[in-house]
Every structure is written in structure tokens, then in C-alpha cells.
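Each in C-alpha cells, the structures are laid out below.
Note that chain A is present in both complexes that follow, paired respectively with chain B and with chain C.
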Partner chain A sequence: MRKSQVYLGVDVGSVSINVVAIDGNGNVLEKIYMRTEGKPIQILKEAVGRMASLLPANVEIKGVGTTGSGRQLAAAVLGADVVKNEITAHGVAVLAFEPDARTIIEVGGQDSKIILLRDGVVSDFAMNTVCAAGTGSFLDRQAARLNIPIERFGELALKSRSPVRIAGRCAVFAESDMIHKQQMGCCCEDIVRGLCEALVRNYLNNVGKGKEILPKVVFQGGVAANVGIRKAFEDALGCPVVVPTHFDVMGAIGAAMLSKQHAGGNKSKFRGFDRILQNEFHSESFECNGCPNYCEIIRLTSDGATVALWGGRCGKWAGSQERIEEKRMA
Partner chain B sequence: MKVTFPHMGQVYLAAKGLLDDLGVEVIIPPPITKKTLEIGTRLSPEMACLPLKINIGNYIESIQRGTDTILLSGSCGPCRFGYYGVVQKEILNDLGYDIDIIIFDPPDTGYREFIQRIKRVAGRNSWLNVARAFKKASIIVEEADELLEIGLKKRAREANSGETDSRLYAFEREVIKCYGSYEILETIRKYKGILESIEEKTGVFPLKVGLVGEIYTLIEPFVNLNIEKKLGRLGVEVYRSLTLNEWVKIHLSLDMGYRLHHRRILKKAEPYLGLCVGGHAWQTVANSIHFSQNKLDGIIQVMPFGCMPEIVAESILPRVYEDYGVPIMTLVVDEMTGEAGYFTRLEAFIDLLEQRRNRTGEKKPSLSGG
Partner chain C sequence: MKIGIPKALMYYTYYPLWKYFFEILRCETLVSRNTSKLILDNGVMNCVDDACLPVKLFHGHVVDLLGEVDIIFVPRLTSINPGEFICPKFIGLPEMIKSSIRGLPDVLVLDYNAHKNIKNAYMAYIDTGKRLTGSSSVALKAFNLACSKQREYDRLLKQGKTPLDILELKREHNAGNYKGVVGLIGHPYLLYDQYVSMQIISKLRNMGYRVVVPENIEDACIQRACERLPKKLFWSYGKKLLGSGLTMLEKRMVDGIILLSSFACGIDSFIIELLHRYNQRQYKIPYTLITVDEHTGHAGFNTRLEAFIDMIEWRRAHEGHLSPYGASVSGG
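Right after this comes the complex of A and B.
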């Protein structure tokens, strides 16, 4: 029997690690969403391990793509064919599921972005630059402070009848303003709704500043699970906002699709599930003394052997990574 | 007299050649590093723009090596840069350094003061000697820029990745040991040959991206986080708008032909901006149009945080994009800039340009000139 062909996509973000497997037609076979918990390598291995157990035994991994802020780390651990930035990955994934989308709102753990699509390609984008108010981490924190499970945060917001206005310019001020409204005796759901609206305002003023937001608008990233935020976006934009089925792992799906485009007839650099799970990966950093920049260089070792190096402004270590790669392939 | 000057890209080559030829002892500040920036940030007002902080860092690192005089080029004050010399002198005085700062404003407003200041540096050199040294220095500027431009072409096409950069590092290590304009020029010419001979991949059509923005940020690679190298490694051919050579030609030389050419480009900005609003905002808008008309694939504007003239230009650029259809991205740098986010934006922008090109299926031949 012919082995079924599978492409893996991995998105290592600040808050979550997502792994997806897609087949040759771009259908999502399995997806895994795990919290990073500050231990990216360990959680990544765990996530890949789970993926291995979910997939049938006779699959052939034809390609691996990584994205997210930890994309280099993930690429080194797994042996990836494509390492791409989040913006491109999200754009590719959305165009596959919602070909007529013209705006992507992506709110993740520590960053938020807007991507404009026109005629089937990314035409413009922006990421938050100065402030993390309006991202998942901040919501997480406020939910914890109000003692509401983050999963129920959105539903609660929908119950509100008269949302309070909360200063959303800055995470610190938003928090103190929330506390102030609390002490004034505003009820919890009104505050939560107010917070959702403040975050949306913040997003549209900072990230979406000067961008032409046209329907169809797709909303994704971990925060898209929050119906309160979704509603607030719909109210602010005056048009429906679509949340795709796999909203939480779109980056990983995009990475998998990019690896599929890249694959062609080439053999994947994937290390194989067994080797990834058996090997101990260890990362350490040291200061390069080559010049007074003292760049921090990250070295990833596996069972005592260096598998990857990165960091540094001048590019001398990036070169050594390619040499390691060549040796490995030989 | 032991003279130093702030770094700005290749300026040190010309300044060293000039001062060597005049027999003035020169101390080149060590290359800008994080340490330079740390010193500068600590000693400068927080609100000052990034170039000032780095200048201060350069001075302190040179003073530690025995400098007593600083040479600085001014710009007659269309933006904050015009006050740099005076402010920097105050900062250094407050810190207790007894340092002389000689400011060379471009002689747009009159040659008399300019000549007097040259005399202070040149001492007993004859005017003929001074004129010759300046001529040589301007040739160094021109050829050093040509060297870098060969690098820009080669980096996007090199067969062995990293070769162009390692040749350029070798150049920097070698040229720093030279004395006088003759040796410096010889080294530049030698490396031009070396760069030219770098093996190219065949059948590649690099994307073409133009850089516009604030002049110091564009010219000093430390400040723009090596944007030219980063783009080059992504396989992009970079076109520069503001270069040292251009600045010298417009402000110091008597090359009327070039001044007219510059005027003509500035005129292109007229529907959007018809006068100088400080810094290089006018040039940024004009060059964006110039690049768009020359069918580049994309344009990147780079500026230091809080640069007022460039903020004005930034708000105009979306209209240039609407009218000409060449995507423009703005990047802001300061001492807080994270390299990861910066690179993510660059990479995503290049992907965007690539996708656009694949859709239209156009592969453009190389431009001649810039």
C-alpha cells in the first residue's frame, strides 16, 4: 500500500506551540495546541510526540515548515524545510480557507497584526510596535485578576447591557482604570465588555492605523476564541467578522502549506519522530568575543553535538549553521 | 592636535585620507558597537534622536584614545541635526572634557566662515595642498560608494552565500591600516576588483528594493541594523537614494550638472510636497516617486524614532503608493529596536513583493544607475 503523505506545520509562539498535519490536498488531519510555558523545546517535543501518536503509523512526512517567534529553534530541533515569518504563513493559510478574504486580524499572545489581502496576495501588513495592550497575554492577566476563567471571559462580555468605557491606550493605564471602575461599583460583565471594546479600539488605532479594512474580515489567533472581542470588532467595523474553524493554529497550517509548496520532489530534512523524541536537546547561549558588540549566540546541542547556532549581527554564526546543516545532510 | 570625527558609514575613509594628507594626526573612533550606543544613551538627553547618542558614544570612545579636537559636518539646521555641534559641545563640557569642536557647515550660506574653519584644521598647509586633499577625499567618497554598490549587486546574486560580506569585512580590516588618500584609494580599487570577480548564480532575477529615509540611518549600517546586508541575504538587490557621494556632490562640489539632476528629482515630489520641511523629508518623497517610476518592486523608508521630517514624509507616502502602486514600508529604529521583529517585517515585506511579482509574472532587468 502506498504510504500517505503528510506535511507538518509548527508555530512556536510566545504563549502557545501549535503543530498541525495536513495531507497532500491541504486538508487538516490533526492539530495540537499547547501552552509554551516558557519551555519551548520540551513542549515542542511533547507536542510532536502527541502528533506522532495521532497519525497512523504508515505516514511519510514529506515536508516540515516552522513559523512564529521560535521558528529557528523549532527548525533546528525538527529539521525543517521551510522557515517563514508569521505574516506570510498566516496569509497563505487564510487564502486557502477563505479565498475572498481581504483583511486578516490576528491577535496572538504577545503580538497582534493586521494583514491586508488584495487579489489573492498579501498587499500590506502591520504589527504592533509599541504596546502589548490588546494581546492575549494582557487578557489572560486581567481574567486571572478578576478570577474569571479565560474561556468564559467572552461569554460574560456578551451579557453586559451598558459597557463602561476603559482607557485602552496602554496596558498599565487600562489596568488601573479597570480597578478604578471596579471600586466605583460597576458590575463585572460591564467591565469585561468595556475591556473588550478598549482592546479593539487600541488595536484599530495602533495596528490598524491608516489601513483600509475591507470585508471579508477574518479574525484569528488565540484571542479569536473570545466571542466578546469578536463582537466588539463587529460593532467597531460595522461588518461581520469570520472566525475560521482552525483559527488557533492558522500560522502552523500556513507553515505546513509553505512546506508543501516548497517540497516538490525533494526529500524532507525532517529528522524523524523517533530521533526527535529520543534525543536530548539542550540550548545554551554564550557571548561572542569577536568584537565589542558581544552578541549573544545561541547554541543548540543534541547529545553533545552542536546542531545549530544563531544570533549575532555580523552573520558569521549564521554561516556556521549552514555548514553544520551540510554536514548533517552528507 | 589629535582629531576625531563621528562615524557615518564610509565617512571615516575620506576623513582619514583628508587629514592624513594634511599631516593632521587622526584618531578614528572604534567601530560603532552596542557599547558605543550604551555610552551615548547614558550621556545624552533621553529625547534626543538616535544619531546624536551614537555621535556622543563615538566621541567618548575617541577621547579615551587621546583625542582633543572633534570635526563635525553640520547641515545649517533644517532639522535637529543642525544643533548637534553646539549641543554636543555642551554635553562634553558638562562632563568635564575640554574639547574643541570644529563644525563644517556646508558652504550654502557663504564660503568665508567655511574657509576660516578649514584653516584651523589645515594649519600651515598651502591652499593648493588643502584643495588637493579635498579633491582626493571626494574621490575616496565616490569610489567607496561605488565599492558598496558593487556589493549590493553581488550580494543578491553570489553563488556562495556570504562571500560578498566576508570580502567586505576583509576590506575593512585592511583599509584601516592604510595611511593617506593614496593607499586608501589603492585598497578601495583593489577590493572593487575582488568584489567584481565574485562568482554569480545564473538565471536569478533579484527583487529590487529602494531605500529612502533619514540620511544618517540610511548610511550607517549599525543604526539601520545592517538593512542592506539583510536584504541582500534574502536575495534582494538594494538601491540607495541618499549616499555620501550624493551629499558631497550636492553640498560641497561645484558639479552643476549633478545639482540640476537632484533638482529634477526633487521636482517630482511637487504634487505632494513642494518645499523642504526639514531633514530629508522632501528627498524621501521625491526618491520614492523616482524609484516607483523606475519600476522597482518595493520601497523601504528607514528613520530614527521621533524624526519629525520623516514622520511628515511617512504620512505622505501612502498617497505615493496609491498613485504609483509600488508598495512602501516604514521601519523605525532606536536603541530599543528588537532585531527579531525588525527582521520579521523585512522578510514579510519581501515575501509580499515576491508574491506580487509571481502574480504579474514580470521579471525586470537590472536598472542602470539608481
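Right after this comes the complex of A and C.
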């Protein structure tokens, strides 16, 4: 029997690690969403292991794409064919599922982005600038502080009758404002709703500043699960906001699709499930003393052998990574 | 006497003038080392908290020269063009340095102020030269010779080189074989400081793009481009950045524009908005802003850069758009 062909997409973000498998027609076969918990390599291996158990035994991995802030790390561990930034990956995925989308709102763990699509291509984008205020990790933290499971945060916001105003410019300001409102006796759902509104206001004034937000608006990223934020976006924009079925893994889907485009007839660099799961991967950082920059170099080792090095400002260590790669392929 | 020149702020604009001026006056010069983690840390530690990153870096470069030189050159640039000013932080620079850094040797302050008259500004060099040698005529001769060196440098810049290509003798590899052109707008002390700009110029070149910078644009073009504004810009650097950005747009010299700004820059806050609006109304080419501060992680920076280049290529493939590559740099 002919093996079924599968493309893997991996998005290693600050908060979650997502792995998807798509078939040759771009259909999502399986998806896995796991929390990064500050241990990207270990969780990545776990997620890949789960994916291996979900897929039928006779699949052939034709291509692997990685994205997200940990895309280099994931590429080194898995052996990826395509390493792509998140903007392009999200754009590719949305155009496949919602071809008439003109605006993508993506709120992730550390980053928030706006991507404008016109005539089927990315025509403009923006990301949060120097700080991560108003992103998923901030919501996580506030949910933990109020002792509300993050999954229930959105529902609670919808129960609010008169949302309180929370300062949205900075996460630190927002937190002290929330505490003050709470100590004044405002009820929890009103504060939570106020926070959702503040986050949306901040997003539109910062990331979305000067951007022409036209429908259809697609909202994705982990935070899109939060119905409170979705409602706040709809209220602020005055149009419906679509949350796609696979909203939480769109980056990974885009990466898988890009690996499919890239594949052609080439053989994938994928290490294979067995080798990834059996090998012990270990990463460590050391300070390079070559110059006064003291760059933090990351060394990824597998069973004692160095498989990748990155992090330097000069070409010194990047070159050695390529040499390792050449050796591996030979 | 050994004069220390901090490799920060106006270094990338005036270094040839300063170097030759002091050397003709028989003073030895020493430039601080390239920005590094150490220099950045020293700058942050030895500067008032609310200064911008470039000013902090200047402090770090002064610290780098301590113990190595007899006197440190700290120019006070109040105005570089008649009727205009530059950022007030430059005006207070000598005082900031003197009050923040301990163990400072003598400081050589040059009061350059062309606001009323460019001759007043030249006199600053004559006075400084006289202070170093005791003779005005020697100083005048040195200044004239140094100016001719500076003109040579400016001429090379107008031909399309970047200050790094000239000062660091970087050879542009891959010359003539580019996929497209990116306009890179930003203050010289950000763009050419390879540590804070995260080597943006070489990254873009390695991705196959030629880079056009404000230093490449003729002053007359900048002047003309700024005349369409409803109000005169009196910040020289604001005018230079906006005028060169508008020139790149009007003459269709570039496939996209990246504006590199340091966090909390007052002048940039105008430029970012104005250039964005003119582009959106009329030209609609890919445009993005990258803000830098004390970050040393390259991941977020590279993501934005890569996504920007992807956008250019994607849009071009879609529009069947022809690259303006080949248009002369000054726009002729």
C-alpha cells in the first residue's frame, strides 16, 4: 500500500507549542496544543511523541516547517525544511481557510500582530513594539491573580453589566488599576470585562494604529479562545469577528503549508519520530569570550554530540552550525 | 596630546572632519571601540535614567575612553543649519557627561551653532584649534583642509555608499546582483551602530537587497520634498529623515521602507507618522517601523525583518511589479 503523505508544522511560542499534521491537500489531520511551561525542548518532544501516536503507522513525513519565537530551536531538534517567521505563516494559513479575509488580528503569548491582506497577499503588518503588555501572558497572570481559570475568563466577562474602566497603556498600570477597582468593591466580572476592553483598546491604538481594518476580520492565536476579548473587539470595530476552527494552531498550519510548497520532489530533512523521541536533547548556553560583546551562545546537544549552535552576533558560531548540518546530511 | 572621540551620536556624520582637523593640528586621536554589551552596560549605568538609548550609548563610549586619552571630545551641536535646530539633548551633552561620569579627564567642548549664521559655527572650530595650538591661522588652515576631507566623504555617501562602507572599509559583496532595494530610514547613530541596529544593513544585503539610506539622498532633493509639508520642519534631522523618505517614495527608488527608531525619540514620533501617512495616501509601498532599545535578543528583530522582506516579495509576485532597481541613487 502506498504510504500517505503528511506535512508537519510546528509553532514554538512563548506560551504554547503547537504541532499539526496536514495531508497533501492541506486538510488538517491532527493538531496538538500544549503549554510551553518554560521547557520548550521537553514539551516539543512530548508534543511530537503524541503526534506520532495519533498518526497511522504508514505515514511518510514529506516536509517539516517551523515558526514562532522558538523556530530555530525546533528546526534543530526536528530537522526542518522550512523555518519561517510568524507573520508569513499566519498569512498563508488564513488565506487557505478564509480566502476573503482582509484583516487578521493575532494575539499570542508574547506578541500581538495585525496583518492586512488585500487581494490574497499580505499588504501590511505591524507587531507590538518593545514590550509585551496586553498579550496573552498578561491575561494569564491576571487570571491567576484573581484565581479564575483562564478558560473561564471570557465567559465571566460576558456576565458583566457595567464594565469598569481599566488603564490599558501598560500592563503594570493596568494591574494597579485593577487592584484599586477591586479594593473599591467593584465586582469581579466587571473588572474582567474592563480588562478585556482595555486590552482591545490598547491593541487598536498601538498595533492597529493607522491601519485600515476592513472586514472580514479574523481573530486567532491562543487569546481568541477568550469570548470576552472577541466580544470587545466586535464592539470596538462594529463588525463581526470570525474565529477560525483551528484558531489556536494557525501558525503551525501555515508552517506545514509552507513546507509543502517548499517540498517539491526533495527529501525532507526530518530526523524521524524514533530518533527524535529516543535521543536526549539538551541545550545549554555559554558566554563567548571572543570580543567585548560576550554573546550568549546556545548549544544544542543530542547524546553528547553538538547538533546546533546559535545566538552569536558575528558569524563565528553560525558557521559551525552550517558545518554540523553538512556533516549530518552527508 | 591624545584626543578621544566617542564612536556615537554625530561620529558617523562628521568623523572625517574631526579626525583630520585634530591630526593636522598634530594631535593624536583615539576612537572608542565598537559598541558592545560592555559599552551599553556602562552607558546605562552612567547616564540619567530617562535619556534615550543613543545618549546612553554616548556615555558608554566616553567611559570606554577613560584612562586612554588626555582629553575627550564632546561637541555641543546646537544647530547645524541656519534657522533650524537639532535635538536638545545634543545641546546639553557636555553638561550631561560632566555631571554623570566620574574620573573624567579634560573635556574638549566645541560649540557649534549655525542657527543665525554658518560662519559663527565655523568659528567654533577656529576657537577650538586656537585652544589646542595657540594660533588662529594654523587652526583656519587645518579647518579648511579637514573640510575638503569631509566633502570627499560626503561625495562618496551621495554615490550610494553607507558610512559603514567607508569608515569600516566594508566591502559590499554581491554588488550589482540584488533582488530589490530597501529604503532604510533612521538617525545615523542608530543605523550605523551595528550593535543596536542588530546589523540590519548586512542582514538586508545578505537577504539580497540593496540598501538606500538618508545619507545617499541629495540635500536639494530633501529640501524640495519637504516643501510640500504644510509647515516648515525646524528639526534638521527630522527634515533629513522625512525628506529622504519622501524622495525615495516620489522617485520610486525603493521596494519598501523600514524606519528604524529608538524607543522614546521625540523627533521620530513625528517622522514615523508623517511618512506613514504620505505613503498610505499616495504610494502604498511596504512600510514598517522597528523600534529598538536595550534589547539584545535578535529573535523579535529578525522576525519583523524577515516578514517585511516576505511581504515585499509576495506583493511583487502578485502585482507583477518591476523593481525600481537600477534607478540612480540620487534620483538624478
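One rule holds for everything that comes next: the second predicted complex is superposed on the first by the 328 of 330 C-alpha atoms of A that agree within 3 Å, B and C clash if a C-alpha of one lies under 4 Å from a C-alpha of the other, contacts with A are read in each partner's own complex, and residues count from 1 in each chain.
Note that contacts are C-beta pairs under 8 Å (C-beta built on N, C-alpha and C of every residue); 3 or more make two chains touch, one makes a residue touch a chain.
Everything quoted here is computed from the prediction, not taken from an experiment.
Undergrad: With chain A superposed, do chain B and chain C clash or fit?
TA: Partners clash after overlay.
Undergrad: In the overlay, answer first, second, both or neither for which of chain B and chain C A:Glu86 touches.
TA: Touch partners of A:Glu86: chain B and chain C.
Undergrad: For A:Met34, select first, second, both or neither according to whether it touches chain B, chain C, the two together, or no partner.
TA: neither
Undergrad: Once chain A of both complexes is superposed, is A:Met127 in touch with chain B (first), chain C (second), both, or neither?
TA: Touch status of A:Met127: both partners.
Undergrad: A:Tyr294 in the overlay: touching chain B, chain C, both, or neither? Say first, second, both or neither.
TA: After superposing on A, A:Tyr294 lies in contact with both chain B and chain C.
Undergrad: Output the chain A positions appearing in both contact lists, the one against chain B and the one against chain C.
TA: Touching chain B in the first complex and chain C in the second, residues 69, 84-88, 119-125, 127, 129, 210, 291-294, 313 of chain A appear in both lists.
Undergrad: Considering the complex alone, what residue numbers of chain C touch chain A?
TA: These residues of chain C touch chain A: 33, 36-39, 195, 199, 263, 273, 276-277, 280, 286-289, 291-293, 295, 298-300, 302-304, 306-307, 310-311, 314-315, 317-318.
Undergrad: Chain C touches which residues of chain A in the complex?
TA: 69, 72, 84-88, 91, 111, 119-127, 129-130, 210, 291-295, 313
Undergrad: In their shared complex, at which residues does chain A touch chain B?
TA: Residues of chain A touching chain B: 69, 84-88, 119-125, 127, 129, 210, 291-294, 313-315, 318-319, 322.
Undergrad: What does chain B use to touch chain A in their complex?
TA: 30-31, 33-36, 161-162, 165, 169, 225-226, 229, 233, 318, 327, 332, 339-341, 344-345, 347-349, 351-352, 355-356, 359
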